[in-house]
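Following this line, the structures themselves.
Below are two complexes that have chain A in common, paired first with chain B and then with chain C.
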Partner chain A sequence: MKAAAGCAAALALPLLLPSRHLATFVLLTLAAAVTVGVSLLMGYAGQVSLGQASFYAIGAYAAGLLAVHGTPPLLGLLLAPVLAAAAAALIGFPLLRLRGHHLAFATLAVQLILLSLLAQASWAGGAIGLQGIPRFSIGGYSLTDDLGYAYLALLVLGIALLVSRNVVSSRAGRGLRAAATSEIAAAASGVPVGGYRLAVFALSAAFAGLAGGVYAFFLGYLAPGSFPVLLSIEYVVMAVVGGLGTIAGPVVGAVLIVVLVQVLNTLGTQPGMPDYAPSVLSYAVYALVLVVCVLYLPKGVVPSVSAALHARRR
Partner chain B sequence: MRLVVDRVSRAFGGVYAVRDVSLTVEPGELRAVIGPNGAGKSTLFALIGGQLAANAGRIEVDGRPVRRLPAHRRARLGIGVVFQAARIFTGMTAAENVMVGAHATTRAGFLAGALRLPAHHRDEREIRSRALACLDRTGLADWADRPAEELPLGQQRALQLARALCARPRLLLLDEPASGLRAGERESLAALIGDLRAEGLTMLLVEHDVGFVMRLADQVTVLDLGRVIASGPPAAIRTDPAVIAAYLGTAPAGRPEGSHP
Partner chain C sequence: MSDLVGYVVTGLGIGAGFALVASGLVAIYRVTRVVNFAQGAFAVLAAMFTGTLLTAGLPHGVAELGGVLLGAAAGLIVGVIAIGRPGTSPGTSLIVTLGLGVLAYAIEVLIWGDQPRSYPGVPGVAEVAGARLQAHYLLILAVTGPVFAGLSWFFLRTDLGKALSACASNRYAAQIVGIDVRRMGLIAFGLGGALGGLAGVLTTPVQQVTFDSDVALIVNGFAAAVLGGLTRPVVALAGGLLLGVAQTLVAGYGGGAYQVEVALVLMLTVMIVQSARTPIAVAA
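Entry: the complex of A and B
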């Protein structure tokens, strides 16, 4: 019931929104799709990725480069998550035996390396960026307006949500949830804990890669500067604020953060504000929101609100 | 399943917890491993289950070497484990806890689960029906849909046993399953272990409570200070002078109290 209502609202929203907000809607929806993966990784594999934007970038560049060289856009969009997941598997593999925050540091390092490589790579447009990416099209039908991309982004988010819900409630997902509370007992039950965590990492990268592919066709232009480390941090903040280990959490987190950043941006560009106000406000908001959330809503918005509603109903 | 442990050792920082321990458990046998506190029983248990790696020696099940295999691979070969501490999965229902136990003998992977392929549905049906049967067998049927952490301690211990049985193990390792149980629970546990033995399940039972194992076990191995000091049927062990000395503390001085047979 709740899921159906959520779907209906999401499908109606692009039609109701003023068209000048559609671009924000597309980016927000793509961010939510990436956050679904981050939330899955943090909530079920107990790992943090501080470089999730690099998989977004890999997906975007893969789709963009393929399209620029004449590959059908649909094929490029389908390959984007595959390549991002393969990159994650490669990065994650040596980390399987390590514990704690190694993955967080490694992903951060990978993103910094990727950004400087992209800035050097003339075949990918270098620091200036990759230009002339055609619009997304299937057969002869080309997606040109923002409304079309809004629905494409919603499709990607829907796939990410459906796949992560399915994984969590499957045999593998039970093994992961078990490993989150007792790794020893899970392994003794036959759960390959390290392998499953790597698989979740690759899956989260696939979501980011798919979202990145849509981003490439939507903007038609990619530059290393579009994928800063701050973007990776943003996904983590969205996941934590929304609530780990819930289906709706990443979506709620993404909406809250994007709306908040927009409001602060508007506030920062009011006449009379110093010219550094917008950037200070939007950077500071991540830190503040994260601290407040960890202090007062450690489980995130969605679990806390649903617990409060549940308590009231009793 | 036949278990062979051959001259297995494990040291922690230069001190041997288990040293040159050998024992063979024949298929269908219920072997008890007893010994005073600090004898190395739990270490031996972890070496066979794969929670710890042995420094030296050979561990085989049905002729297959497993010493270098990680715990999850040993589980797939049919080694089931019941830990001493109630290592349950919190945040999951009792039924889900037991369903995880079936992991070792089912196959559906990430892709099958994510895309709901036929393999997923086939495995889920099998896992669910097996889990319900195991809950029933351990007297937990009424608790199936309760969060595991809400179960009383005795039921949490039973839950671990149900989880291990759900994999249909061919060798079951039990680490002090009776400790902390009330008299009634202890009796039903003994009855269940007796049933499993009658069904031909090979078991290795590590136990501190000598009375509990003497009436259940076919063979008893006694450890002291990491070494095997006696091995044989319960009646012979009861009268073995080395065992009596180890338990009464006439051998090395300074043994902790409270471990009399």
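Entry: the complex of A and C
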């Protein structure tokens, strides 16, 4: 029931929004889709990834490069998550031996390596970036306006939410939750912990890759600078703020953060404000929201609010 | 031959910076089990503040000291927020320090803007065994050596240092003999802040600093520290120097493009090898 209402609201929103806000809506929806994966990874597999933007970048570059070289955009978009997941499986095989802060730094290192390689790769546009990516099209119909991309992004988010819900309630999901509490107990009960962890890592990368593919077609231009380390941190902030290990958490977290940043951005670009105001405000928002949330609302917004509602109803 | 000597000495100078960042990480991690993500931010804050003090007309030495003190103060503040609340787990504290590192961006851009900054260090060119290099690198080495010697003296010979080491080896036992573990944690954060600040202050004359240089510093510092399992300052020194020399050699002979990757791949390899040797229960 709640899910249906949420779907209806999400589908109606792009039509109701003023068109100048549609671009923000698209980016917000894509960020939410990536955050679904981060939340799955952090909440169920107990792993912190500070390099999720690298899979976003891999998906975007895969779709972009394929499209530039004449592959049909639909095929490129479908291959983007596959390639991102394959990269994650390849990287994850050695990396997922690591735990906690080691894994956090390892994923961060992977992203820095990727950015450095992309900046030197002339075939991918180098530091200047990859230009001239065509618009997304299926058959002869080409998606040109922001409204179309808003629905494409919603479709991606919907897929990510649906898959992640099914994974969580599946046998593998139960095994993962058991492993997050006690790895040894879960392994002793026959849960293939390592394999499941790798699968979730690859799945979260696939979400990021799919979102990245849409991003490439939406903007038509990619550069290593579009995928800074701060972007990976943003996803972690959104996941933590929304509430780890919940389905609605990533969406709520992404909406809260993006709306807050947008409001402050509007404030920061008012006449009379110094030109550094927008960036200062957005850094401060990420930082303060993250710190306050981790310390005083450690379960995140969604579990806390629903617990409060539950208590009231009794 | 003189090329090689030049690269090695330059590398040692750069590596000393990493080693100082790493020693700060180690000082904090040993006592609190928190990996402090804001460690690079201390360096940036201290370096920028030193630049401001120098512009204001303060002499060299005093300005640098001011930068290091600001680093220590920042360390203490981060410590209070990250471990001040009883019951904060190290994992939570890591996320908190990550947030505080981003907060430092806001403060740095607000005060100093987003352009690279630097200030003059030791002027002139020195000659070592026929190799010509910036004299400032020698100053970095001349300061780093005594600092590490002082650190090991501090940890092994003074009461405060012994108390810190006691917390590092067994928190519970340390509490029983009357050591205030939380206060020791805050002292460790202050010390870590000062060491991070010193790294920034020393290396800025040869490497410009921007508000987001902290990512490179923290990653290289972590890479150096991880060699010693994040608990042994002297191994961190060796790791930092090795990393610096490896990077300048690759930059010098390999065309300069891949020096970032060297540090990162080295770090990944070390961590993976280490984790393969430790059982899961210990690593978790």
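In this text, the second predicted complex is superposed on the first by the 313 of 314 C-alpha atoms of A that agree within 3 Å, B and C clash if a C-alpha of one lies under 4 Å from a C-alpha of the other, contacts with A are read in each partner's own complex, and residues count from 1 in each chain.
Operating definition for what follows: a residue touches a chain if its C-beta (ideal position, glycine included) is under 8 Å from a C-beta of that chain, and two chains touch if they have at least 3 such contacts.
A quick note: this is a predicted structure, and the numbers were derived from the prediction, not measured.
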Side-by-side fit of chain B and chain C on chain A, or clash
fit
Looking at the overlay, what does A:L112 touch: chain B (first), chain C (second), both, or neither?
second
Given the touch rule stated above, what does A:A172 touch, chain B (first), chain C (second), both, or neither?
first
Going by the contact rule set out at the top, does A:T266 touch chain B (first), chain C (second), both, or neither?
neither
Which partner reaches more residues of chain A (counting touched residues only), chain B or chain C
C
Centroid geometry (CA): angle chain B/chain A/chain C, rounded to a multiple of 10 degrees
80
Kindly classify A:Q131 by the partners it touches after superposition: chain B alone (first), chain C alone (second), both, or neither?
neither
A:I184 in the overlay: touching chain B, chain C, both, or neither? Say first, second, both or neither.
both
Between chain B and chain C, once the two complexes are placed on the common chain, what is the minimum CA to CA distance in Å?
9
Once the two structures are fitted together, what part of chain A is touched by chain B and by chain C alike?
184
Listed in rising order, the residues of chain A that touch chain C in the complex are 48, 50, 94-95, 97-102, 104-106, 108-110, 112-113, 116-117, 120, 183-184, 229-230, 233, 236-237, 240, 276, 279-281, 283-284, 286-288, 290-291, 294-295, 298
Residue set of chain B touching chain A in the complex reads 49-51, 70-72, 75-76, 81, 83, 87-92, 96-97, 99-101, 103-106, 108-110, 112-116, 120, 123-124, 127, 160, 163-164, 167
Enumerate the contact residues on chain A facing chain B in the complex.
163, 166-167, 169-175, 177-178, 180-182, 184-193, 196, 199, 203
Residue ranges of chain C touching chain A (in the complex, touch as defined):
35, 81, 85, 88, 90-92, 94-96, 98-103, 105-106, 109-110, 113-114, 212, 215, 219, 222-223, 226, 257-258, 260-261, 264-265, 267-268, 271-272, 275-276, 280-281, 283-284
